[in-house]
Structure formats: C-alpha cells, structure tokens
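Here come two complexes built around subunit A, the first alongside subunit B, the second alongside subunit C.
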Partner chain A sequence: MRIAMANRMTPYMFMAPAAVIMAIALLYPLGYMVWGSFRDWNPSQSIGEAEFVGLKNYIFLWSDPNFHESLGVTLRFAFFVVSIEMVLGVGLALLLDRDIRGMSVLRTMFILPMMIAPVVVGLMWRYMYHPTIGTFNRFLESIGLPKVDWLGDYALTSIIIADIWQWTPFIFILSLAALQSLPRSALEAARIDGATPWQQIIHIKLPLMMPVLIVTGLLRLIDAFKVLEVILVMTNGGPGLSTEILALRISRTATEFRELGVAAAMSNYLLILLLLLTVAMFAFTRWQEARAAKLRMVVEDDD
Partner chain B sequence: MPHIRLDKLIKRYGNVEVLHGIELEMADNEFTVLVGPSGCGKSTTLRMIAGLEDVSEGEIYIDDKPVKHLEPKDRDIAMVFQDYALYPHMNVARNMSFALRLQKRPKAEIDKKVRDVAATLGLSDYLDRKPGELSGGQRQRVAMGRALTRDAATFLFDEPLSNLDAKLRGQMRAELALMSQRVQKNMIYVTHDQIEAMTLADRIVVMHGGVIQQQGAPKELFERPINKFVAGFLGMPPMNFLDGQIVERDGDVFVVGDGFDLRLDGPKAAAARAHSSKDVTLGVRPSDLRYDADAPADGSLSLDVLVSEYVGAQSVLLCQCGPAKVMVELGSDTPVALGQTLTFAVNAGGIHLFDHKTEVAL
Partner chain C sequence: MAYTERQNPAFYAVIALLVFMSVGPVILMFANSFKLDVDIISGTGGLLFLPTIQNYEKALCDVLWYEPNHVDFCSLKFGGAFINSLIIALISTVLTLVIGCMAAYALVRFRFMGRDTVSLSTLMVRMVPPAVLLVPVFGLWNNEFCLDRDGLIGGAIRDVFGGRGDVCLAGTHSGIILIYVAMNLPFVIWILQSFIVQVPRSLEEAARVDGAGPFQVFFKVVLPLIKPGLAAAAIFTFRIAWNEYLLASALSDRNTKTVPILIVNNMSEFNVEWGVIMATGMLLAIPPIIFTLLASRQIITGMTAGAVKG
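Our next item is the complex of A and B:
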C-alpha cells in the first residue's frame, strides 16, 4: 500500500521543482499585479504603504473616456490588422503553393520581416513615413503628387500598414504549411469533377484549411492586443490619443501618470480579454479533437 | 462510348524515362485492366489518361480527338482513387453531387441522381454522414458513387480495392464486376493484384519496366504468355521455372535439366526442334502437375517435399527439383511426409518453353 502510494507520487516529486519555479515566476508577479490593482499606489511607495481602495480603480476605468478611447483604438487596430493580414497571408500562400524554380528562396524572403526586432521595424517605418525626408513622401513628390502626413492625419492607418508588413508572413507560413498538408488526391478528384482553380480554393482548399486558419487568426489576435514597441517608436501614441493602444496606455499610466494601481487594473482588463480569447482557442481545439475522436470511434464500430 | 487510343506515350521525370512508348487501344465498353508490379508505370499511364499527369511525348486520342492538352474536366472521365479521395468536409450526398453542383444542374435533378446511385450502392442511409464517419468499405462505395453520378463516358480506377481488408476486397470485387455489367461504359482499371485483373478484365495489359509486355483476354494471357515475366506474373500459385536444355534423342525432342528429362509432344515438340540444344527455361504451372506415382519418367517430375502448406481442400507443397524450387497442389487427403519423394505427371499442353537469355517464349 505504502509502496503503491510512493509510486504514484513519484512523477509529482520530479515535477515539483519546475512547479515551484513556475509558481514564483508566473503566479507571484500576477498575484502582485492583481493585489496592486486594488490600491491607490504610486511608484515612490512600497505596496504595503499604498492605501487599499477596493474596486475603485476598476470602476474609475469603466467610465474613463481616455481608457475607452484607448480600448477602441486597440480593438480597431486588432480588427483591421488581423483581417487584412489573414486575407493577404492566405492569398499569398494560395498563390505561392506551387513548384517553380526559386520558389523556396522567395518563400524565405517573405518571412524575413517577421525576424526583425520590433523596435527596428518601428524605427525603419518611422523614417520611411517621415514628412520631408521619408521614402514615401519623396516618392510622392518625385511623381508630382501632394505629400501625405503619414504619422499625423493617417497615424492609425500607418501603424496598421507597418504591422501588416511585419506579421503577414506569420499567417503566410502557417497557411502554406496547412495547404501543403492537404490530401493531394482530394484536389485531384476535384479537378476531375470539373472544379476550376478558383472553385478548388473555395470548395476544397479553404474549408479544409479552416481549423489551422482559425487557430492562426486567434494567435494573431492575441498578439495584436499586446503590440507595443513598434507603435511606441513610431508615434508614441500620438497625435493626441489616436494611436494609443492599451499596452502603451498602461505603460504611460505607470510611468508618466505614476498611477500603478490604475495601470495594474488596466492590465487586468487586458488580461481578462486575452484570457477569454485563449480559452476560446483551447475550447475550439478541444472540441475539434473530441469530434475527431468521436468520428474515429464511430468508424471503428462500423468496421 | 468513346474509343481511347494511346499513341507512343512517353513519360519522363527530369532525365528519367519511366514510360517507354505505350501503345494501347481500348474498344467500346471494354473493361481494361493495367496490371504489373509496383513501379511498372501503370498508375502513371492511368493518370496521364485522366489528365493529372503531363504527357512528355506521344498523344492520347479519345474518339480520334487528341486530348493531351485538355484539362481533366474536359475529357469526360470519372475516377476512383486508391485512398478514395473523398472531400472530408462534405457529407456523402454532397460528395456525390459535387460535380453536378459545379455544373449548376437543377437541384431536383441532382437530388434524384444522388438518390438513385445511393440506392444501387446501398448508401441511402448514409447520405448525411461525413466520410470520417464511414467504414472503409462504405467510403469505397461513396467513391464509386461519386464517379457514377457523373455519367462520364469512361471510368478510371486507380487500385481502388488495395486499402480494404481481404474479405471486403473480394466482396467489392464482385460488386465492381456487377456494376461494370450494369453501366456498360469504358473502364480502365489499375491494379497490382493479378486476381483482380483476371476476374474483372475483358482485356489485361501486363506492364513491366514502363513497357507493355503483353495484352489480351485473360485466358489468352494465361494460356499463351509471351515471355517469362507474364507467365510468372499471372496465376496463383505462380508458374514454376526450371532451367534446362533442348535435346534431340532417337528422333524425339526432350527438355533436359538437373532433376528432370521430359519428352515433348505435338506442336511443342515441333517448335522446340527448331531450337535444338538451346538453353531454355521450362515453365509449368502447379495446376498442370498431377500427382501420379505410376507416371512414366519422361512425362513427370520427381519432387522432394520441403514444406507442406495446408489451405483447406488443397495443400500447396514446396518441393525441390534439382537446384530449383517447385510448387505443386495436392488434395489434402493424400498423406505426405516431409522429405518424401513424389512423382507428378506433367500435362503435355501445360509445358511452356522460354529462351534462357531473352526470356521470350519459343
């Protein structure tokens, strides 16, 4: 009895060190943030000195127009970025899924933007968008068109373009992988059934890629809610609050406005949002696995 | 029904030529089976007819119209794939109606067609199921149903039964034979299984190494194989081969080898006489060897039994004859001891002679 018990405990004993480190590295800061969000806390105080205010920070944010503005910017940014990237990434994958000489080089080049550090991407685009010496305006000037105030009037559009440039490759490579693992004979059957290339995409390829596309889209969405560096470098949230996404507002609330409690509460709102998305994603994959398992069982019963 | 002709078809992958000029004509309503070992080019030939594989050289004619440059959909063909190639996200009804829906046929017509075909294949209860919810045999039926709803002029089958277990395969083979009688279309069927070929075909085309070895009715190929490969490929258990030499002695013609000395009769003798003292390979099918203790020495083989495989009414014996192994069939009620020497009479009409070097039948 004793021995059986010990045997059963063995794996947990081996896992214990990792669990402890996880708890310290993950749960402690998280708990600290949640704890801090209930206090009126400024950076010169230790957390113990800060006054406990209950849900005041959360209630304040609920009716704070600046927070609403920032949340709106984040949602708009995430929506446009993810939908445009999905269309472009999947489109490129469909276009480049063929065996032509040099295609592998081309594919590698396509994923280069993803490998550049976000800060560098931000700097690069800031210079390209520069009103007088930037690449875009000099080009517009040279062909006789009026200049565009990229990071002024069109700031949100401009950061969306930069993000699309950087992250479309992510969707591209995942879609390409999905595309190349599709059953070849089903596509051949579709050709024989008379499907044009376009009909093959609509009726066969896209539906079969859908599970991968949904997970890819969710991953991108989660990432888009957390984006910071590129926008920080390009616009620092301006002009006004027009590009101040949540991550940026959190960092400014903490450092410039010195309101750690409010920043923590804001982080928690973001965390809850991301958590919901992640749970949705896990639920989706679980549901898929369960369905696949059920189908397999049905088949085995029949055989 | 169209009449399909392959004219000197050549297929190359890079510098490697895998098909070396296939010439083949398929008559109306004929069930043609391309058969051969893996890598003989039979599937490639079929895929070229389907339009899934480019033709490197040569031409394919359907009703005397060259179709090499046509898309698969413009060739009026339907195809059944080895792995069924069903659309996993569509239910059975939608799988079967996909082609008709692409053609924008009226919905009532599509429904009726799907229902009719499903009824003949026993799939009526499964129309709402997805392929993942079906067993292997049912999926196979859906694949056939999808081809049938098309009403295409020519049906192509690419090893359609090889993913099924042995029992189901036999059952589906019979259903396929029934279906081909009923629909009366051109059928081109690829398989590596010579039993499928023999049972289904009006005409068998034996391929090996990217070349057609021989074509004709199953009986013709079985009785008069043109070379050693065809002889060894068709028939189960396979034909036995024994190396020997043609010898003329006392006005008679003999095949003499290590462990046997057979006198030839009739037309075989006349044919062999022209090749006197040539090195040959003697071929005898197990079905042409009959256990007979009193058979004369110049019309029989003496075989030492090595292994006895009991398969029910019959046993298959693996025996030694000189340096060669020989398989024979024997009624299971005849008691046999391992190591025993048995005498088997050779059916004179069942003797095949092949040139030892070129392996061509004499």
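Our next item is the complex of A and C:
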C-alpha cells in the first residue's frame, strides 16, 4: 500500500524542483511585470508603493516617437539579418554538401562565433570598425580608398554585418543537417532523369528542406529580437537612436531613465510580438506534421 | 557515395576563405591581446611583433602571486570576476542538469504531460528575451524575495554574514544562479527528453525486477545511457550562464561582478585600453573555445535537435 503510494508520488517528486523554480523565477516575474506595467514605478519603490495609472504607460508608448524609432530599428534589423543569413546559410549548405575531407573541422570552426560571448563579439567588431585603428579602415587606407565611418554613418549596416558573421553558421549547420537527411532515392531519381544541379536544387532539395528552413528562420527571427549585448558594446544604441533596438531601449529605460513601469509596458509589447511569432511557428510545425501524417496514410492506402 | 569524384580546387579556396572569415576576428583579437597599446594604435607589424604578456598581467593583477613592475595600481579586478563567473556558471549548470534530468525523466516515463506541452513551453521560454526579464527580476530580487532582517532566518543570516538591511537575493551569487537555472531549464528538459525516449524500457524494468527503486533506476541505469545528451545540455547551459551580461549586471553588486560586466564597464570608458580589454575578452572566450574544439559534435547535436526535431 505504501509502496503503491510512493510509486504514485514519484513523478511529482521528480517534477517538483523544476516546477517550483520555473514558477518562482519565470512565471511569477512575468506576471509581476504585467502588473507593474500598469504602474508609475521607479526603482526605489517597491511595487506596492507605486501608483496605479492604468493603461497610461501603454498609451504613452503608443505615441512616443522614440519608441516608434526603436521599434522600426528592431524590425529592420530583424528583417535584414534573418533574410541575409537565410540566403547565405542555405546557399553555403547547398554549395558545401559534398564529401569534402575536413568537413567536420570546417563545422567546428564555423560554430566558434556562436559560442563566444556576445560581449566579446561586440568588442572584436568594435575594434575592427574603429575609425582610425580598426582593421577595415586600415585596409581601405592601404589600398587607397577613403575611410568609412562604420559605427557612425553606417551604424545599422555595421551591426547587421556583425550579426551575420556570428549567426550565419547557425543556419548553415541546420540546413546542412536537413540536406543530409533528405531521402537519397528522390535525388538519385532526379539525377537519372537528367535534372541539372540547379533543377535538383530548386525542384527537389529546397522544397524538401522547406519545413526545417521555416523553423530555422523563425528561431533565428525570435533570437534576432533578443540581440542586445553585441549592440550595447559596439554602439550603445547610437549614434542618436539609430541602432537602439527594443531590448536595449528596455534596459536603458529601466536603468538610466529609471521608469520601470514604462520599461515593463515596452517589454509587454515586445512579448506580444514574439508570442505571435512563436504561436505561428508552433501552429506551422503542427500543421506540417498533420499533413505529413495524412500523406503517409494516403500512401499506405494505396499499397 | 554521391560525389566521390575529385573536388574542384575552387571549393577548397572557398572553404579556406570561409574559415578565414569566421576565425579571423578571433585570431585578430588573440594577436592583439599580446600587443602593447602603442603597437595596436600605430598598427605596426600586423602579425609580426614581439608578443608581450603585459596585458594579461594587468588584467589578472589581483590574482597574480608576483607584482608585475609595469602595473602600479591594480584597477581591473579580473581575477575576482573570473572566479565569480566560474562559480555562477558551474553551479547553475550542475543544478540545471540535475533538476532538468529528473523532470525530463518524469515527463517521458510517467507520461506526465504530452510532448506538445513541453515543446510549447520550451518555445515560450526561448522567446522571452533577457531584457524582458530585467524589470521584474530586478524588482523581485530586490524587494519581494527578501527576508526581513528582524525575522528568524533573515536575522540568523545577518548575524552570520554581517551587513545591513534586509537579506535579498540581489547581489548574491544565488540570485543570479536562480534566474539562469530557470531560464535554461526548459531547453535542457526538452533536449534530455529526446534522449531519454531512446532508452529501452525493458532495461529499466529488468533493473526494477532486480529490486532497484525508482531513484536507483534513474541514477544507475538511465543517467549513464544519456551521457551524450547531458554533454550537449551542459555545454549550452554553461555557455549561456558564462556569457550572459544583462541580468548579471542588474543583479550583481561590487563583489559578485562577472567577467562580461567588467568588459562592458571598461569599454564604456572614454579611453579604451585595447590591449587589456582584448586580453580580458580572450580570457572570457577561452572556455567556450575549448568546449567547441572538444565537443563540436555534441554542440551540433544540441543545435540541430532544437530545430530539426521541432
């Protein structure tokens, strides 16, 4: 009797620590943030002392030009980063999907940029972009071209380049994995039928890779909204607001302007945006699975 | 099999270029960390220069056993920050793995929740940017999650460790560790779950027939079999805890600063000492680089499991 009881309790005992920690340190803080976003709250107050102001923070942000600017920068950054990285990463995967000796070494070298701390990545690129001592301007100077003010006039482009450097390998590795798990029979058949390499890519490889590519792209998109440290170190949002993405603006609103309520409301806007993306992604994978299952059923019926 | 013919040399050129592009900046930083500031600024030499470890001596001046004669004042307390980073990253990795492993096991073996629920919550947590957690965590760790200094436990802690004010999570190692564990748990549970599913049930039943309890089955049968998964999960957790800046900067105080905070603080100064900064950056980058070189296979497994398995 006691053993049966203990057995029934086992799963709960195994689950309990994880559930408790996530409730305390994730769910509660998120709820707390939603609550705080309705208040005029500064860091020296506890949330109970802060005055309840209803939707004031949200309405303020809705008409705040700085917030609009920041949102625009975020969307532009995410759009360019994800689309360029997808094209480059998938292109490289298609190009390098061969039996090349040393492929594993290549992959190891490729994941290095992702593993290094974003702070350090920002540091390296800030040095390379430096107007006088940086690598790029030195190079331009040595071949006789005018210097470029990378982190000034072209700040957004420069941070996009840095992000592409860091994260293209992610897409490369995922699409290479997808490419190598494609059914060999379909490719073989196409080759026997005389499809050119381009036709194979466009009509067979890309459509078959599509589910993985879409998930990869969405994962990257979600992550693009989280980039903060690289930009913080490289430009700190400047010049002006030209590279101040939302995550950076939230942290500055909280720590420099000391308006926790506004920062919380901004966080909520960002969360809603990301929630929509995530739900879309989840719905897509489920739909994909359902379709695959249906196809399999049809095939089995045919047999 | 498909492409056994000899490859065009142009491909090797492309590969060499790609490797150069992805590793180049790291090597550049490595080289610069051994240069004096004068050399970095004047740009002499390129890769031909006399290496000096002065930058590293300056960065590590608080833990060196000798006093380098070019350092007159030890301003950069890198050694302490390095130890803080190490404590925080290691403890949070171990905790996340143990707790995540137990939860993943329960989810798989006791059919606790559907796989859908787990993947959905993993995704949900993955989508939360650290910047979003900044405000609530800062508020909670400083106010709500405090023990009154006149209370029973809080008073006891104050008597032992000294200090003023209430006993709060903010400013302690455990405060930072707690948020890292929570942030990483869903991902770890998800990865480990996909490994535990592959452990044959009959193996566990055999152990149970031989009289092992649920905990024994877990520790002696399941754990050894999912080592690759554990390695992948450990590297990912360690990387996040080791590299994270934002939450650590909000939650740490003078004594619990981690290395990323130190680097950012020194970068925002007007006169950047490039040599020293690159030396600290290099020291921060070394553990992830070692992991990458040793366990790239596991890292790639973890990364692809994230997307390909949906």
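The definition used in the following text is that the second predicted complex is superposed on the first by the 277 of 303 C-alpha atoms of A that agree within 3 Å, B and C clash if a C-alpha of one lies under 4 Å from a C-alpha of the other, contacts with A are read in each partner's own complex, and residues count from 1 in each chain.
Quick note on the criterion: contacts are C-beta pairs under 8 Å (C-beta built on N, C-alpha and C of every residue); 3 or more make two chains touch, one makes a residue touch a chain.
Fair warning: this is a prediction, and the values are worked out from it, not measured in the lab.
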{"item": "First (subunit B), second (subunit C), both or neither touched by A:64", "value": "neither"}
{"item": "In the superposition, subunit B vs subunit C on subunit A residues touched", "value": "C"}
{"item": "Partner chain(s) touched by A:116 [first = subunit B, second = subunit C, both, neither]", "value": "second"}
{"item": "Subunit B versus subunit C as contact partner of A:40, first or second or both or neither", "value": "neither"}
{"item": "Contacts of A:199 with subunit B and subunit C, given as first, second, both or neither", "value": "first"}
{"item": "On subunit A, positions contacted by subunit B and by subunit C", "value": "none"}
{"item": "Complex contacts: residues of subunit A adjacent to subunit C", "value": "7, 10-12, 14-15, 17-19, 21-22, 24-26, 28-30, 32-33, 36, 41, 43, 46-47, 92, 95-96, 98-100, 102, 104, 106-113, 115-120, 122-128, 132-133, 135, 138, 165, 169-170, 173-174, 177-178, 181, 184, 187, 211-212, 215-216, 219, 222, 225-226, 228-229, 232-233, 236, 246-248, 250-251, 254-255, 260, 263-264, 267, 270-271, 274-275, 277-278, 281-282, 285-286, 288-289"}
{"item": "Footprint of subunit A on subunit C - complex, ascending", "value": "1-4, 7, 11-12, 14-15, 18-19, 21-23, 25-26, 28-29, 32, 40-41, 43, 99-100, 102-103, 105-107, 109-110, 112, 116, 119-120, 123-140, 142-144, 178-179, 181-183, 185-186, 189, 214, 218, 239, 242-243, 245-246, 250, 260, 263-264, 267-268, 274, 277-278, 281, 284-285, 288-289, 291-293, 296-297, 299-300, 303-304, 306-308, 310"}
{"item": "Interface residues, subunit B side, partner subunit A - complex", "value": "50-52, 71-73, 77-79, 81-89, 98-99, 102-103, 130, 132-136, 138, 146, 150"}
{"item": "Contact footprint of subunit B on subunit A as seen in their complex", "value": "183, 185-186, 188-195, 199, 203-204, 207-208, 292, 295-296, 298-299, 302-303"}
